[in-house]
Amino acid sequence: MLEIKNLQARIEGKQILKGLDLTINAGEVHAIMGPNGSGKSTLAQVLCGREEYEVTGGSATYLGKDLLELAPEERARAGVFLAFQYPVEIPGVGNTYFLRTALNAIRAHRGEEELDAMDFLELTRKKMKLLKMDESLLKRSVNEGFSGGEKKRNEIFQMAVLEPKLAILDETDSGLDIDALKIVADGVNSLRAPDRAILVVTHYQRLLDYIVPDFVHVLYQGRIIRSGGKELALELEAKGYADVEEQTAKAGG
Amino acid sequence: MTTETKQIEELAKREYKWGFVSDIEADSAPPGLNEEIVAFISHKKDEPAWLLDWRIKAYRKWLAMDAPEWPNVHYPPIDYQKIVYYSAPKKKKQLASLDEVDPEVRKTFDKLGISLDEQKMLAGVVAVDAVIDSVSVATTFKSKLKELGVIFSSFSEAVKEHPDLIKKYLGSVVPYSDNFYATLNSAVFSDGSFCYIPKGVRCPMELSTYFRINAANTGQFERTLIVAEEGAYVSYLEGCTAPMRDENQLHAAVVELLALDRAQIKYSTVQNWYPGDEEGRGGIYNFVTKRGKCAGADSKISWTQVETGSAITWKYPSVVLQGDRSVGEFYSVALTTKRQQADTGTKMIHVGKDTKSTIVSKGISAGRGQNSYRGLVKIAKGAENARNFSQCDSLLIGQRCGAHTFPYIEVGNPTATVEHEASTSKVGEDQIFYCNQRGIDTENAVSMIVNGFCKEIFNELPMEFAVEAQKLLGISLEGSVG
Amino acid sequence: MRVLKEDPEALLSRFAAFESGLNGAKTAWAHELRRAGLGHARELGIPTTRNEEWRYTNVARLAKDAFELAAPAPVAPEALKPFGFSGLGGPRLVFVNGHFDAQLSSAGELPKGVVAESLKARIAAGDARVQAHLGRYARQAEHPFVALNTAFLLDGAFVFVPKGVQAEAPIHLLFVTTESAAPAVSHPRNLLVFEDGARAQVVEHYAGLSGGAYFTNAVTEAAVGAGANVDHTKLQQESLEATHIASAEIRLARDARYANHSISLGGKLTRNDVNAKLDGERVECTVNGFYIANAAQHVDNHTIVDHAQPHGRSYEVYKGVMDDEAVAVFNGKIFVRPGAQKTDAKQDNKHLLLSRAAEVQTKPQLEIFADDVKCTHGATVGQLDKNALFYLRARGIGRGEALRLLTLAFAEDVLKEIGHEALRADVAERVHRRMEATTALRSGA
């Protein structure tokens, strides 16, 4: 589904990604772990087309298309979804209205008919239950005045409604207490499907107790230095990043 | 006193001589303005002598006045002798069908969701009268109002049918000598509307559909007078979301609102006159004087405006809070794009005790637009416990526009509480990216964010007007993003 | 613009008299500057209230009263006692009726290369640094009183802090006016130059030694170099009959940090103009003011914070306490010029009204020509919090003292920003004492 080759990117003249390779197939859940500043969030932002990041080399092919060529909204319509680390507040724009506009833009791209307000309401009610969200959140402005946990739940709720093919979760666990983490993880797990891939970007192993990945990659200084199964996350938890870096350096040197 | 002002004073005192030479049968007056032209207009409209006197007084006063220079707008001087001040209401050129209408205009109609019947009327495919007659709702509407004793008619009609009311209230809020443009309007006003709500009557419907149809032909120097007697209520809608083109560049309207004890007037405007092209050619100069007087205790006047059109907008819908516990409100959205300039805001003059006013102004600047908020909050000496809250927010889109805030606050009573807040911000790149990431393109994202920014104001508009105003904002912003 | 033209003959003859008295101080370039100032003064006249900048402040009287140029006068050192600051340790320059008085001044300790001297002396000595800056920043072509000051430019302070030098001790510039038979005017002119990376603190201090309806018309120009850090306090304690008009024109280079604290306690009619131009990237600028007025005092503060370059940050707080029939006028302009992206500007103006007859006219004004900026301003007018007052009284504090405490707390936002601790305490003490003289805040009131 997604094939990243030798991806390099920088922001404000600073090179962050220095040749990253990663292949994700439909139905798989991948986790990218790494210390602060290793380039995890950069990868998420670059894949979604944030303009502040300049791609200086490499490629990303998504469903046979050059992903990096597409505008952010084209990527979204093609099924790439980013759950933001810091969801943005948009004062005065209703959550429901926002999401319906998004859904209909995506449906139009797929050649499907627009959902009317009634059908949409029914759909959202169903999905809200999934995330144990209070319906009153729908009536508020996008993320405005939401608590940290509510914002993160709202991201996964949007994912549930938009039904992407490739979902990227950027530090979705940050700022969540254990109960909220479980709810978010349950939501994500219910969205696991054979035709859908999920990329979880996280600093801590904690989230991976609940969203169990098929593959774990360690990102360090802009490159993936190790890949493995879910047990790699546990190893990281036990030994810390420093140890893994050291081993890798030895193995490589 | 200089000799110049002496001459003007004398001129102003001079009795008007009834010796005019213009051909009264003519359909229009020659360009230019003098006492004969003023008399010509008055005679054409078959007005009583007192009204002609009033116009002449205004005209003489106007001669001694200068056009205001303080607004933050720039335009070449207007030659008032080149304007035609009277022409008989022309029948618009009748078009065979909507297919003959400018496709651009039709596109806008469609985007706004204006009904086909109404489109035909607005575009001049059918005569306005025909539409009024054919729209049964308007007819039932009229009889319903009559039953309640509500008077709602054109200004000229009211002068003939209710001369006592007009004589009593005309100029009672905006005197003929008020300011350069209001005084000019007082001398030459063409037509407008008169609305009178008797004691205790709550006008059962928004005065909207009917007026919208009427509004298409109101002309250049419009005059509106609304009087709400004790305990009366009226909600009044002015203007039109459809793009309005007019050959007359200068529009100088006057609106007077008078609310007696416990009366409430809600006045909503959507202004979408032709803004001129990208280079600033053409476009309407909209120089309007709007003022309401809360004359009675516990009365309330509320102005809501959505200003997206005109090359230059100069208007400050104001409220004089004379009655104790009276309330004044001003809610405004002003959008300038292309090379539009707007200098708009309000005045809240607190005179009575325990009076309250609220100002919420949202200015949006895009393209090369220049948007100024100018407001005055004045607390007079005797206005015990007066309260004002003002909030002025500006949103900038692009690097060539400007946003300006000029709030004047004058407080003469220590029991007053006056609060003013203002902020300026841009449409956030992270907000746009967030929308993009959910599949919404940038133009829609900006329109969505701008509408969110204006939400408090749209909430004040009657439902169907609010929906149109939102769409209008989106259409006005088209092409100004990116 | 409509102006009152002063009798041109009178202005010219006064200038002629001034000119003939200049003798040695008639350096050619400085005299060019005066003549240009005279030209502007004649053109601009005395503004009327039809001039937007003078809408609420009527200075027409100044066109009528024939103010004679104030002459030097002997002053006993004891007379200056009330206007001294303790614990500053820096030099004090004393000017009597606008003329430098070496006897009353003291050198204090200053790092090498720092200059704090009479401007007249430096002009006479042909100091190239004075010539390079004087008249470069002040708006003599636009501001009628700056024009007048420039025409009659004679003396004032010249402060110079060289590159990288840290002058920790505040430099105290004290301008006193003595009693005179006829109404007299002085035109102090100060030039403050801080080179790149310099650090300094300056206190500009105006005081009346007796009552009297004199007129002080001061102008201060300040050039703050790249990365320099300057704390500038102006304390105005003129006679309650005096007219005090002062303009400060400040130019800030990149990465400079500058704070202006304008405290007005005296004067019958006060008009301050503070204009700070952020003329380089990443400047951080504070423009603060506090004023307290009673009786028929009129205090007018006009400020301009002009963001001309990107990444500038400015903070402005002006607060006034008005008693009796006092009138406050505030006009704060924030300009963000095209290209000054990432500007962050905050402005706040608050007034307390303590009496029925006091008045406030305020106009906080934003003019923004760049889109990627954050600008906010707020203005409030109101009374002291009644609940807080009650709370204090319920704890046994007398009404007068409670009012003074709350008023001082109100002033705290401004006072706390004054950089030098001893100076801050001293200014706060003077504010506190000033309160005793107002009706509402008097002890036992």
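Here the chain labels run A, B and C in written order, and each chain numbers its own residues starting at 1.
The criterion applied here is as follows: contacts are C-beta pairs under 8 Å (C-beta built on N, C-alpha and C of every residue); 3 or more make two chains touch, one makes a residue touch a chain.
Since the structure is predicted, the reported quantities are computational estimates derived from the model, not experimental observations.
K.L.:
Based on Cα centres, what is the most central chain?
P.N.:
Smallest offset from the overall C-alpha mean is found for B.
K.L.:
Tell me which of A-B and B-C has more C-beta pairs in contact.
P.N.:
B-C
K.L.:
Of all the other chains, whose mean CA position lies farthest from subunit C?
P.N.:
A
K.L.:
Between subunit A and subunit C, what is the separation of their C-alpha centroids in Å?
P.N.:
The mean C-alpha positions of subunit A and subunit C differ by 57 Å.
K.L.:
Just curious, how far off is subunit B from subunit A if you go by their C-alpha centres, in Å?
P.N.:
Taking the mean C-alpha position of each chain, the two centres sit 50 Å apart.
K.L.:
In angstrom, rounded to a whole number, how far apart do the mean CA points of subunit B and subunit C lie?
P.N.:
Distance between chain centres, rounded to whole Å: 44 Å.
K.L.:
Residues of subunit C that touch two or more other chains: which are they?
P.N.:
Answer for subunit C, listing residues that touch two or more other chains: there are none.
K.L.:
Spell out the residues on subunit A that touch subunit B in their complex, using ranges where they run on.
P.N.:
Of all residues in subunit A, those touching subunit B are 48-51, 71-73, 75-77, 81-82, 84, 87-93, 97-99, 101-103, 105-106, 109, 141-142, 158, 162.
K.L.:
Taking the touch rule as given, give the residues of subunit B at its contact with subunit C in the complex, in rising order.
P.N.:
Of all residues in subunit B, those touching subunit C are 70, 379, 381, 394, 396-426.
K.L.:
Going by the contact rule set out above, which residues of subunit B touch subunit A in the complex?
P.N.:
That would be residues 428-431, 433-442, 444, 448-449, 451-456 of subunit B.
K.L.:
List the residues on subunit C that touch subunit B in their complex, please.
P.N.:
So the residues of subunit C in touch with subunit B come to 52, 338-339, 341, 351, 353-356, 358-383.
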